[in-house]
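Written out below as structure tokens is the structure these notes cover.
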Amino acid sequence: MSVRGAGVTMGGMRALTRAGAALLVAVCLPVVGCAGSGAGGDDGAEPYRIGAVLSLTGSYAGLGIPEKKAIDLEVARINEAGGINGREIEVIYEDDATDAAKAQAAAVRLIDEEGVLAIIGASGTGQTMAMRSDAERAGVPIISMAGGSVITDDFSEWVFQTPWPNRIVVPFVLKQMAAAGHTRVALISDTGGYGVDGRDYVLAHAEEAGVTLVADQTYNAGDTDMSSQMTKIRAADPDAVLIWAAGKEAAIIARNARQLNMEQPLYGGSGIARQEFIDGAAEAAEGVRLGTGRILVPEAFGEGTEAYNVATDFIARYEAEYGAKPDIFAGHAYDAIGLIADALGRIDGDVTSEALRDALEQTNGWIGIDGTFTYSANDHNGLTEDEMVLYIIDGGTWRLDD
Amino acid sequence: MSGVKGSRTLMTPHLALIAAAVAVAAVPLLTPDRYVLKVLVYVGVNVIVIAGLALLFGHAGQISMGHAAFVGIGAYTSAYLVKTLGAPWLVGAIAATMLAAAGGLVLALPALRLRGHYLAMATLGFNEIMYVVFREARAVTGGNDGLGGIPYPEVAGLRIDTPVGVYLLVWGVALLTLLLVTNILRSRPGRAMRALHATENGALACGIDTVGLKIRTFALSAALAGLAGALYAHGVGFISPTTFGLDQSVIYVAIVVVGGAGSLAGPVLAAVALTLLPYADALVPGLTKETIAVMQDWEADIYGLAMIAVVIFAPAGIGGLLRRASARRAGEVRG
Amino acid sequence: MDAAEFFQYVIAGLKSGSIYALVALGFTVVYGATGIINFAQGEFFMLGGVLAVWFHSLGLPLPVAGIAAVAATALLGVVFERVALRRQRSANPLVLVIITIGASMVIKSLARHLFGPDELSLQEFTPGPSIDVAGAAVERQALWVWGLTIVAVLVLAWLYRRTKLGRAMRACSISHDAARLMGIDTARVVMVSFGIAAALGALGGFAVTPLTQTSWDAGAAIGVKGFAAAILGGLGNPVATVIGGLVLGLLESLSVAFLSSTYKDAISLLVLLVVLFVRPQGLFGKARRGKV
């Protein structure tokens, strides 16, 4: 009578064998089902397939949703006008849920499974950086709609950027604060890519702009209460408070400041140029100043200029389609898809990812919503501080600050 | 629980493993699709974690709500050592496994004084703390935005940088893990663990070192999770804190429960099936992305209900737990 | 740091501490009656806020919406106990824990499907500027939070001391079997305990939503903290639990004051682990010789 095997029943062994067979089947299933999806060949009628990784849910949903709307609008317009060289554009969307890991997985899926020519995305800086390695390995260009300077500072041949990066916005806002006489400044920023990047630039440029940092607080995306940080800031007695945030927490910060009876004016960058901020902060949003591009009040472009015409045309069409004016994020997305379409049109010969990247680098003076773009082999951002203006929130909406 | 005679019974689980090995090796020959191979890498990583968790759960009767934290410890350790410090990949992988095991030991030693649900909360608390550490120790982990550009595995000068290579590496380790766990279950300590599970006093009376056994099992399951984390980090190339959060730990528990905690095969199959589910549209022709998106949307509900249903109606492995536990309960007095 | 600033942190700590106390009371009530940890307690908190927003959006005035939300959540707690847990009464605690974990997953996900993934807000019960108390700003809503917490604790105390049901609950928490032998309907006690725990959690959720907003995933974080608070005070002892909640809130707030805001969440977790490993009975509990 063998003692070995005692404790494991006959039935158990059979189960294990069945299990083993089932494991075999389970592993073979992907083989059977593999439809072998590769990149589409350069067939004349095949659409250009472009991937888009956006934050449609999560903290940056307020950025991703208008971005998708703008892309849909523009793609429909381009396709209706006959496409590019007779071929339509097809955009395949993935939601990264404001999560870097999901953005990376989405990029892998778009590149390996969908075989896209290029990727528009992501809405956020951290998510964009997460996609870089895979894009570089595969040789697929990314056009990011996020504002972190690191996206183009940490230069990659395959990564482009449409918004004004922190490199431009931070010095602009700091100088405005100094000009208004607020020399003692408190900073509160989030720990995500955009906030960290912004903070680095504030620390680097404060002295040059003429301000001193008297408080430096951070919070994590997803936090629901920043009153402890604001209490510390209040205790430092600043002249003004600079908020460097892109998510919905910015509204809570403004409310916390109001609840603590803080009187100091609040400033911010593009990250708070959102209707969501005004809605979420309610009365606390009044008087908040921010630096961003001219799209919010297009007259700032100068009436009659081509930039003004491009902007007002886009605003009118967007409003007609969606019932609300486009915000800066819709603008970033308009530029991203527009630059790609423009570059695609200029390609001679086979349309590959590499050819597209090269064509993008030759973009010269393309007029978009964020400004006039000129890319090159070592400039993948294309904009300057000239594109910035200062706004103030007044009566629930933005107007140019005098 | 009848004794079984004959050598035939010894062959069968190993036979199943050999069959699985053949299948695993066959896959890349039958499909060159990079995406399928990448998805199967995720599956392999999860199989390693689940094997360790099933060992802990079903055979030592301990619950861990924080296993994703050990995966994270392994992933970040290896990524940091190899990418930032330039250590060889094998060093990174071994360090990852050792550090995760150490974490398991540190948690198990005091936690063994706690009763069932207290231990669950302790492991949950551990997961949450590690999540904060992953998020805040930016110099090492890259913070919320994660750590990217992690180099490919490199063994003896040979860089494993193709999807096929990574797939074979991960599944090779997975199969070895299954072999190891199967052998443990069938060995004396394994039977001892099951005995301990049945009646602790009985096991003690037989001279089995129950406390030592539990500690070693916990540490081993943590080590396996850490190894899986190291493989994941280098196979995928990017890691961030959300991958190792509480949600993931709860899903691991759900997989083991649904698979039937009394066996190894059940949880492993559940791991394969449930990990493949979000990618099913890439694998099965006719399934659209939209259908998968809907299933993904309801994933948590399905997991939760499945867990409850299995536990209530079809205990399978949990049934063994129940049967043995009710014998224990009769003598227990709630203090 | 001057007195006003310090006082501001104390206020913040007491504010969050009251919420922890309410959630922690839910853990204690269930533990006392059943001996298990209800992993779904955090979701009851979430439902209080989310359902109140929904009822309010249907047109109910704010106080009515709040009462409706608390009542609905209490009902859900009772139903959950009857449907999922009652038949498992003689089962291994591991099984019961797994059921509550599964329930937590389902409730959380259903909330996302029914109420959306976004933040939901409620206006403050009595809108107006913050009140200045000795240099610190106290939000009006904070007064509501404290007021409701005190009322809840008093009602619970009255229940335990003056009613038959309360005495039955206390008997159960000492010994289930003895209570049953005395003729107490333990099944009913368990059911009512779940209802009370759910109501307490929901009340906390409702009271704090005007301050922090709420969403479908607001339950997880508060659940862990509430449990840490309950363990800190001493699981099973309501008064100790409330003290545990306030102490935890203060510890968190003062850690932000003296250390750094980034580790705020870690404080409650450290407290949890330290207490579990060093003194599982909590600050006020009696030492028990628990079996492994």
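Chains: A, B and C, in written order; residue numbering restarts at 1 for each.
The definition used in the following text is that a contact is a pair of C-beta atoms (placed from the backbone, for glycine too) under 8 Å apart; a residue touches a chain by one contact, two chains touch by 3 or more.
Keep in mind that this is a model prediction, so the values were computed, not measured.
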item	value
Chain-level touch network, classified as line, ring, star, complete or other	complete
Interface with more contacting C-beta pairs, comparing A-B to B-C	A-B
Separation of mean Cα positions, chain B and chain A [Å, integer]	35
Centre-to-centre distance between chain C and chain B (centres being mean Cα positions), rounded to whole Å	32
For chain A, residues that touch 2 or more chains besides their own	191, 220
Sites on chain C at which at least two other chains make contact	262
Chain A partner contacts - residues on chain C that touch it in the complex	1-2, 5, 8-9, 12, 16, 117-119, 121, 129-130, 132, 137, 139, 211-213, 218, 253, 256-257, 261-262, 264
Touching residues on chain A, where the partner in the complex is chain B	1-10, 12-17, 19-24, 26-31, 33-37, 99-102, 104, 108-109, 112-113, 125-127, 129-130, 132-134, 191-193, 196, 220-221
Residues of chain A touching chain C in the complex	57-58, 61, 191, 217-220, 224-225, 227-229, 231-232, 234-235, 248, 252, 259-261, 280
Chain A-touching residues of chain B, taken from the complex the two chains share	1-7, 9-10, 12-13, 15-17, 19-20, 22-24, 26-27, 30-31, 33-36, 38-40, 135, 138, 143-146, 148-149, 185-186, 191, 194, 236-240, 242-243, 263-266, 268-269, 272-273, 276, 282-285
Touching residues (chain side chain C, partner chain B) in the complex	35-37, 84, 87-88, 90-95, 97-99, 101-106, 108-110, 113, 175-177, 220, 224, 227-228, 231, 262-263, 265-266, 269-270, 272-273, 276-277, 280, 288-292
